[in-house]
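In what comes next, subunit A is part of two complexes: it sits with subunit B in the first one and with subunit C in the second one.
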Partner chain A sequence: MSLAELICPAGTPAALRTAVDAGADAVYCGFQDATNARNFPGLNFTPEELAAAVAYAHARGTKVLLALNTYPPAGKVDLWRQAADIGARLGVDAFIVADMGVADYIARTHPQVRLHLSVQAAASSPEAIRYYCENFGVKRVVLPRILTIPEIRQIRTEIPCEIETFIFGNHGLMVEGRCSLTNYLTGQSTNMDGVCSPASDVEYRREADGSMSSQLAGFTIDCFGPEEKAGYPTICKGRYRTDHREDAYYAFEEPISLNLSRLLPELIDAGVHAFKIEGRQRSKSYVRGVVSAFRKAVDDIRAGRQADIADLVALTEGQKQTQGAFETKKWR
Partner chain B sequence: MAVDKMTKLTLGPLAYHWSSDRRRDFYARIADEAPLDEVYLGEVICSKRAPFQEADLPAIIERLERAGKTVILSSLAEVMLKRERKATADLAELDTPEIEINNAAGLFDRSSRPHRIGPFMNAYNEATIGWMAGKGATHVTLPTELPGEAMAIAASAARGLGLGVEVQVFGRASLAVSARCYHARAHGRTKDNCLFVCEDDADGMPLCTTDDRPILRVNGIQTQSETYINLLPETGRLIADGLTHLRLMPQSVDMVEVASVFRSVLDGARDPLEAETALREACGEVRFSNGFYHGQAGYRRIANVVPV
Partner chain C sequence: MISVTEQASRTRLPGEGAVARLACAVVQPLLSRVVRRIAASHPSVFARLGAHQSTDFLIDPVELPFALHLRPDPRALVLRAVPRDRMPEAGAVIRGKFLLLLELIDSEEDGDAAFFSRDLEVSGDTEAVVRLRNALDDMDGSIAEETAAMFGRPGRAILARLRKSYAEART
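Presenting the complex of A and B:
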């Protein structure tokens, strides 16, 4: 049986301490700039905060993984290199990377620090994963959220590194690291700036008939009746019209959360080494609730007990949830 | 603008699922009439469509090569299923340098034998391009969303390493790919029982916002821009910055005319403003954009007269 480490989001120093206290095996975080894919206002760490965070986590046996998982545009590579240098100096336990130039730099300059391949690298086959393992010494791959469990099991037999999968939180639809939707509408790039549907471009507009529209950079992403709760305007979760359909529909996916709590035993059995909880933008109390619940479930499964997943299902109460591609290839 | 006979004009791989007849007719005309130097062929988007393409491929290659055009075979952007892994490995085994790789699986299969780097490979910067060159890349197509400033630095680095360097200057931008087929979804189907409904939309399936503003196009697992990228006014700057190849993407417009317009501007034979008018006429109602190049929202059209 794999160790089934629990990898938890830390958007702020307070969230990091909360995740550590709630039983995270590792936390992942980033600096306050474009070097990571959650470059949101008010989130992330200064080097000083990261130093304190590493000390706090290490004192309690928790690892710290630093996300450097965006793609530097030409001319700005130094920012990513400096971030790696700082992370190495502060003693982070691994870097999560996507760009080959960044991976190559770290492999040469900081060979003592583990490299994890970010979901942003979109490595979804044994060959792609082996490319990164053999060239950069990658020790773990974070798999895209597009594979079924039998496919993950098969990949496991063909690669020399550990597997991490997302189990909870935002359900990414597009192949990560290959999506320019946000840049197309806002001028800020997910790959280069670490931004997805930025809050600064979001507007909610009350229409005359009482309905509410959610907009991104002036484009209507969804429209809600007076009684409906207006969702956040993420482009791939919006409603659109097309010629042969009468009504607007969710062309890509409904606003829905990923929740694989029911599949944990199967994922462990398939050889997944680490479970990732999405949500660096989430509150401390959210982190506490989710991490504690998954900690208990994973411990139960490891000890051969039936995990009580009621708590985990309740975490997304009121929100639609899905097992996405993991459950069935019909999702595709 | 200076006369430029060195810059090569290329035709990117067809993103859509056109019928066999349409595809053959299209490439026959491209072969005979379009002033293009290089043509990329092969199914890049959906492995289910690949068998249709493969049947005609030898005849189309022969026709294009007979007309003096270099043919490059492009690999799938997404590699997950067994058939996708095999298609990628088979392509990588070909004994020609003229293959374009669009997924790291292809890089693994190809090892250090010479190859081109496709636009899905995320060659955003000089460090990555340097790494790729060290592994056998002879040519790199930059990401479509890269701003011009970064493009210039990347192009200069690529040239310094002896690589060809290319960017898309015409056609819809690829904005995202997914494992899910949105064409099938729009028709209440799944990818496995799609019945190739994507063939109905030769230029992508239009999506509008709920207030009827055109926004995106669906092409199977791919999401594209509603606008056509048009960097005709920027060609002088691109060449000055070191781009060696300019890529036109096949759309449902007169691509021979589109290629002729770009060629005439490269040759200094036509005034850019007049060329712009001709391109406008060739493309009908389609909106043009160049926002990505100018570091702004991709859909935007930035007025631009760059003296060269």
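Presenting the complex of A and C:
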């Protein structure tokens, strides 16, 4: 039976406390290094901060999941192993991993701690998911955001572990864990350094007419008109000129956020065990608003009431939202 | 480094000449008290800034007659009001309406959402801005309320009125 756990983001200790107080069933977070996929400046936890965070969360019945969801460069696994050792010592409730070597180390060294398979592993077929379950004892898979609800329902019948799906935040349609766009322009790897569009390479330019361009490593990736809503400065959400189009267009994705608030009952019915809110890089204000809204919605559904979902569009990227592939693969 | 004066002149913001300099002189003692108090009560904020403790930030509330120059170096903390025709060269600029900036500092608003809506404008060193945002977001409590409390009941009443007008303007 689906428990519809609410898995919430925390980029700082204050955000973690905010998520716990807002009703998170579990909070996920990472260390201040390349071991997680939100290795952003000024974000994340020191081991001392994580110890205090675990104590705060556990005292209130909330779990803490540690994201170790990047890929170590070949032969340089010590940072990931040390992070796992620290996390186990501090009593985290699960590790979220993508790399098989990291999964294998944890399965052998800390078998008492649950393993969750990160979306960064891009495991979207029963065969792939079963491989991780059988070889590393993975207890839960975070599914890529490319599947319809009927597909999720079918996968649920063919795998021996729990399913977690994103319900709000980044739309994330790239083959996750495989994207090399940032690496191509900046030399830093999203998947190994944990940083997509590193802030040190991002520049915004305001033009005299009020328009704004965003640049990554000197390349212009979008230009927003004076009144136009903006998005993150990532290559996948840039607009580009090509020979076969008259105007610049979104060649990969659009700046838009996933919001599955209206699909929660169907997801629960399909057997989804946990709902993930994206956004460790976002503020306490975002965490408070989004977690509170989904806490109320999930509680309403569990109690057999019609869920009354707060309007969250102001917090979405580009101030636009979609149900993406969960509703239909023809969403665009 | 970016020329902030050049940017401001393009957007025709208020805050030049004798009136602006007088406003700066009036508000400066308050700023000095506020920044000393915040630094003393939230020392952990500096760790998240890393090397950007020595970055010069220009925080520009567009409707006020001055901007704020912040250098968050715990050994030589700077927060001063500057007229727009005398703004220093800054490593990073953060620009928006005063109450939005206040709500962002207190994490009552989300910085990314304000950026998406174009209510918030940043330029210069983006990493410095991200670090400052994350450092402030990890602070417990409310800087606005701590500042208001320094002035007793009148201070709290003014803050409440400002927040009410901000909330009304958003609806």
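Here is the rule we go by: the second predicted complex is superposed on the first by the 312 of 332 C-alpha atoms of A that agree within 3 Å, B and C clash if a C-alpha of one lies under 4 Å from a C-alpha of the other, contacts with A are read in each partner's own complex, and residues count from 1 in each chain.
Basically, a contact is a pair of C-beta atoms (placed from the backbone, for glycine too) under 8 Å apart; a residue touches a chain by one contact, two chains touch by 3 or more.
From a predicted model like this one, the values you see are computed outputs, not experimental measurements.
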{"item": "Partner chain in contact with A:A15 - subunit B first, subunit C second, else both or neither", "value": "second"}
{"item": "Partner chain in contact with A:I221 - subunit B first, subunit C second, else both or neither", "value": "first"}
{"item": "Partner chain(s) touched by A:P41 [first = subunit B, second = subunit C, both, neither]", "value": "second"}
{"item": "Contacts of A:R206 with subunit B and subunit C, given as first, second, both or neither", "value": "second"}
{"item": "Touching partner for A:K284 - first (subunit B), second (subunit C), both, neither", "value": "second"}
{"item": "First, second, both or neither for A:A314, with subunit B first and subunit C second", "value": "second"}
{"item": "Touched partner set for A:D99, first subunit B, second subunit C, both or neither", "value": "first"}
{"item": "More subunit A residues in contact - subunit B or subunit C", "value": "B"}
{"item": "Residues of subunit A that lie at the interface with subunit B and also at the interface with subunit C", "value": "none"}
{"item": "Residues of subunit B that touch subunit A when the two form their complex", "value": "77-80, 84-85, 88-89, 103-109, 120, 122, 124-132, 135, 143-147, 149-154, 157, 173-182, 185-187, 190-192, 205-213, 215-216, 218, 223, 225, 291-292, 295-300"}
{"item": "List of subunit A residues in touch with subunit C within their complex", "value": "11-15, 17, 40-43, 198-200, 202-206, 208, 212, 224, 227-232, 255, 281-286, 289, 314-319"}
{"item": "Residues of subunit C that touch subunit A when the two form their complex", "value": "7, 10, 48-50, 104, 107-113, 115-118, 121-123, 125-127, 129-135, 137-140"}
{"item": "Residue numbers on subunit A that touch subunit B, as the complex places them", "value": "71-77, 98-102, 104-105, 121-128, 130-132, 134-135, 144, 146-147, 151, 173-175, 177-181, 183-187, 189, 191-192, 213, 217, 219-223, 236, 238-245, 248-249, 251-253, 325, 329-332"}
